Amino acid sequence: MIHFDTDYMAGAHPEVMKRLVETNLEQTTGYGSDAYTQRAKEKIREACAQNEAAVYFLVGGTQTNATVIDGLLRHHEGVLATETAHINVHESGAIEATGHKVLTLPSHDGKIKAEEVDKYITDFYRDETYEHMVAPGMVYISHPTELGTLYTLDELEALSQVCRKAQIPLYMDGARLGYGLAAENTDVTLKDIARLCDVFYIGGTKVGALFGEAVVAPRAQQLPHFFPLVKQHGALLAKGRLLGIQFETLFTDGLYERIGAHAVRLALKLKKAFVEKGYKLPIDSPTNQQFVCLPNEEMDRLLSHATFELWGPRGETETMVRFVTSWATREEDVDAFIRLL
Amino acid sequence: MIHFDTDYMAGAHPEVMKRLVETNLEQTTGYGSDAYTQRAKEKIREACAQNEAAVYFLVGGTQTNATVIDGLLRHHEGVLATETAHINVHESGAIEATGHKVLTLPSHDGKIKAEEVDKYITDFYRDETYEHMVAPGMVYISHPTELGTLYTLDELEALSQVCRKAQIPLYMDGARLGYGLAAENTDVTLKDIARLCDVFYIGGTKVGALFGEAVVAPRAQQLPHFFPLVKQHGALLAKGRLLGIQFETLFTDGLYERIGAHAVRLALKLKKAFVEKGYKLPIDSPTNQQFVCLPNEEMDRLLSHATFELWGPRGETETMVRFVTSWATREEDVDAFIRLL
Amino acid sequence: MIHFDTDYMAGAHPEVMKRLVETNLEQTTGYGSDAYTQRAKEKIREACAQNEAAVYFLVGGTQTNATVIDGLLRHHEGVLATETAHINVHESGAIEATGHKVLTLPSHDGKIKAEEVDKYITDFYRDETYEHMVAPGMVYISHPTELGTLYTLDELEALSQVCRKAQIPLYMDGARLGYGLAAENTDVTLKDIARLCDVFYIGGTKVGALFGEAVVAPRAQQLPHFFPLVKQHGALLAKGRLLGIQFETLFTDGLYERIGAHAVRLALKLKKAFVEKGYKLPIDSPTNQQFVCLPNEEMDRLLSHATFELWGPRGETETMVRFVTSWATREEDVDAFIRLL
Amino acid sequence: MIHFDTDYMAGAHPEVMKRLVETNLEQTTGYGSDAYTQRAKEKIREACAQNEAAVYFLVGGTQTNATVIDGLLRHHEGVLATETAHINVHESGAIEATGHKVLTLPSHDGKIKAEEVDKYITDFYRDETYEHMVAPGMVYISHPTELGTLYTLDELEALSQVCRKAQIPLYMDGARLGYGLAAENTDVTLKDIARLCDVFYIGGTKVGALFGEAVVAPRAQQLPHFFPLVKQHGALLAKGRLLGIQFETLFTDGLYERIGAHAVRLALKLKKAFVEKGYKLPIDSPTNQQFVCLPNEEMDRLLSHATFELWGPRGETETMVRFVTSWATREEDVDAFIRLL
């Protein structure tokens, strides 16, 4: 059986695992006060070209989103996001559990538009009853989005400008950031993100780590008193060095880039095959998630050879499905699958 | 100047005020443990034909919604409501502040449809990832709605059935209930509401009281430990008897009905005049809120004689506005205003 | 039966009630945007000698404490208070419900000591694990305290100094402030409080109003975005003018002072009688709450003529009880009661 | 340098690490739906002699405490614990952040007394104002406690009885449970705990795992809808199998017991040495944490050879310090350290 369900089906990239084994019996102090963690932070600051950035390591994505958003918003504020945003759909109300509303805007292939954010904010303060409403207090985007799509540099610049004009932070969920940075025609670099976002996180769980996400705040004062907040959210790992070791490894010798490039290359190989076979692609994704509409008969036949997710309910005659590659996807499996098409 | 802005511009109905004055120097115990409050509860139980109902008195609407919804939902649950619902738009995130998401459905003239609720719940549990999503834990409706419209008895029966099938409570926000019950062609009575809803509140603030809302749970166990929850929400009035006295008065000699009938009659007089003058009515409201589209020039002229709210932003050539009557609206003012049209 | 249970057993002071009746049929805009509310704010600013103060009117004490404390604290902070503080004991966890811990210090006749606050803060930051602990983020005091006692000006100056040194706000719960300001030998004035506290509230519910508390922040920026927070807490009264009218009346022609003086004079008359009859006074209170230890037999006899609260459980042979006077207490009742001793 | 700071300074026990490496490239479904997790649950149910128990795996201790306590309490309830409890001191207010108060009782060497719990509950409901207070809704204990001490079976039976009489759950924080079960003279077994507690967790982070805690509810209905709550708390690990693999290994061939026995044996060797050298032991701990009072001069000398924590501030002439052993502590290091005494 070949697996294309998600990008968190295997453990850690072998180089990451090797370092965890090598350091396993060392004794270090806890909660990220160790030297591995300090070095990992340095490497991330360097990769972002942000020497003064605050960097924090948390364990998982929902936890990271809830803690960061809680840290950025004031009581009466909510977070602007697309309807399809992970925080709006698949986090079991974690954002609301911290007391904040998710304010939704339409999804454009998973993306939010700068001009719609701008209009929302303008209209909000024009409404005479605005003090009875939840104020737009920050913008949440993900890159790649839930649908594998990417912002262009122009789009990101525009969003950043709208946010800075409104004096609210722009936050990027980078759960799959490695696969976004490695996309072929993207003009967005990690340094651009660090320059244009107020806070973002570099995903580890889906990009080579056993677990772990690196929160980056280029201007550290954007996240004041963040350490106790991480603890309060139950997001502080006792053996913090496990996060430091993993991110140090990922940001050494270009491993994070290599992982991204591998997965994207195989995803595009799949995409090319789908197109050549005449399948409909409902989303034009340049990253490691590929969406395709399959006739139900064909889908059922393929499901006997491979695993992949139905994206929404099974249709009457055809169904939208998702194929995901990762650092762990083997080229021979992709090739074997393509032969089945 | 004639006022049609809202239904909470004056103090209390004179009969209510009279009772507050008569009892002012009496000394009673606090927090609703007095005899007035007990009698008010009895009268409400009787009006609802629910002898075993639990009745609680709170001060205002947002407070009541937040406390009741917090009391009804479990952690992982949200409340289904229309996009235009008061709890979704005009309560400054009070629901989210208690940790719960408002799950929105389309507004049909301010109303939610039973079949859409049913489909939402069915689709939810069909989604394989539903345990990562906020579960629909109750349904919120208001009667009249934000747009002055009313549910029919059939619609209410259908909503009740859907909720009972799904084993989730149906909650009615009755901030303007008196004006709904007094509508001409409504087939929904207070007893129907008490039979079909699991919890509802009878609005006082907008219907003759200085302030106050009466929460009714026909089956008391639906709101276990509600007293300390009311206290925790800061919604427990020290001089609880003020609420008891007001509701006892409102439910004596048909005052609540008389107040409703007066306001609705004057609202319909306005409506008839608008129609006769050829104005467009975007909403066909049978209650004390009337919506009309006015050419801007006409609107500006009328605003020099009367106050009323723009419903949304000023349009390019015409604007939707709202006229509200209450127990305090005088017929001579309505007549004078009609002459201005 | 003569009542000494609490100071919220009657309605409003007749002058307040008179104004509510006189203005009852006026139509004004809601939520405190009316002229009465503006005038009440002006009068309070004047009484406090703080021209720039922000003033907000809320309905009740627990609600006010929860909203203010939520507005003052950051996520990782708690509020320092005595073990016996109202917020720690009798608010059904309203503070914790907003996500914050009450950090307790010993009670010295209901008061907190500046040096103990100072030591707590110093020790906290000396603890190497302090980032895993709830930081002391503000100080809560009440004046009078739960036990009727008062801070001296020196004590208040010291507390203010400690707080300013630590850069955390000092907040005073003034539920019974009128009875504190009217105490015979107090050297603390309203202007002192406004000078030394960062936020405080002037109690109306227990001091002549039907309900209502006036929150004062001499430096308005201490409570940024407080209006939507009040709304979010369900603490915004629709007919806000009711609060404005009441506080305008209380702060006109010295009514607030007269109410305080009346209640305190009668309380001290009671106290003198208790002392003369040889009863033990466990607390030396100069305000409208008097505590006395009564032999159980004597207590039972008095309870057949008057109502008053047992302070804690009934003792084996004697019991501590509380007598409270208010603006509504009549001298002839006090005299009649004294004759019963 | 020899390390006795804490029991989470090294990675995972080599047998655990070996299994993580062996399974690293396997592809499994996420969120604990894999076969490893199912087998780990089975092994834990067996070890607890509770075939119907619900078992959940979370990542860390604070997270586990906050999620479980949030799941067990109703809005108006708090959790009873000793003043020194981890949830009261060292979790950055994580419990309060979920809206609940920690109600404190005196610490008896880190333990709570059944009779004091009983008295608290009895007194609470005798207080006429109890509906204005936070109700005792559950009891939290840890075993071993923060001070390394253990409950006897009699003490645990008594606590369980008091809780069942009051119909509130008894919850045990077992962060160091393995070291408690391995203590020499303890008469408490894992089966006893499963019989007497309503919910408890078996600590992995400090007892051989890289991270991970296993929550056990012998009667599954005690934690209804716990999966989405775990997700909402950000405590759901994407690669859930990592927890399954680790706990399966810990509960195979008695590894969990062997780890406990090893650490306790070395801790008692240290203890014996301290006693023989005439040092004062402020706490008589039978587990892997040993407390000793050292003259400052002696402490400073030892700190140049080994690391260990000062327990509270440095004293004037002597200081209380803590030595902790774990599965990772080597006997030769203990022997070398003893020679230094």
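Observations, loosely collected:
For clarity, chains are labelled A, B, C and D in written order, and residue numbers in each chain start from 1.
Keep this in mind: contacts are C-beta pairs under 8 Å (C-beta built on N, C-alpha and C of every residue); 3 or more make two chains touch, one makes a residue touch a chain.
The structure presented is a predicted model; accordingly, all values stated were derived computationally and were not measured.
Following the contact convention of this document, B, C is the list of chains adjacent to both subunit A and subunit D. Chains that touch both subunit A and subunit B: C, D. Distance from subunit A peaks, on a Cα-centroid basis, for C. One finds 34 Å separating the Cα centroids of subunit B and subunit C. Averaging Cα coordinates per chain places subunit B and subunit D 50 Å apart.
Distance between subunit C and subunit D, defined via averaged C-alpha coordinates, is recorded as 42 Å. The residues of subunit C that reach two or more other chains are 75-76, 91-93, 97, 99, 131-133, 228-229, 231-232, listed in rising order. Per the touch definition, subunit A reaches subunit C in the complex via residues 70-71, 74-76, 99, 131-133, 135, 224-225, 227-229, 231-232. Put simply, subunit D touches subunit A in their complex at residues 3, 5-6, 8-12, 14, 17, 20-21, 23-30, 59-64, 66-67, 91-94, 97, 205-206, 210-211, 228-229, 231-239, 242, 328.
Contact residues on subunit C toward subunit D in their complex (touch as defined above): 75-76, 78, 89-93, 96-102, 123, 126-127, 129, 131-134, 310, 313.
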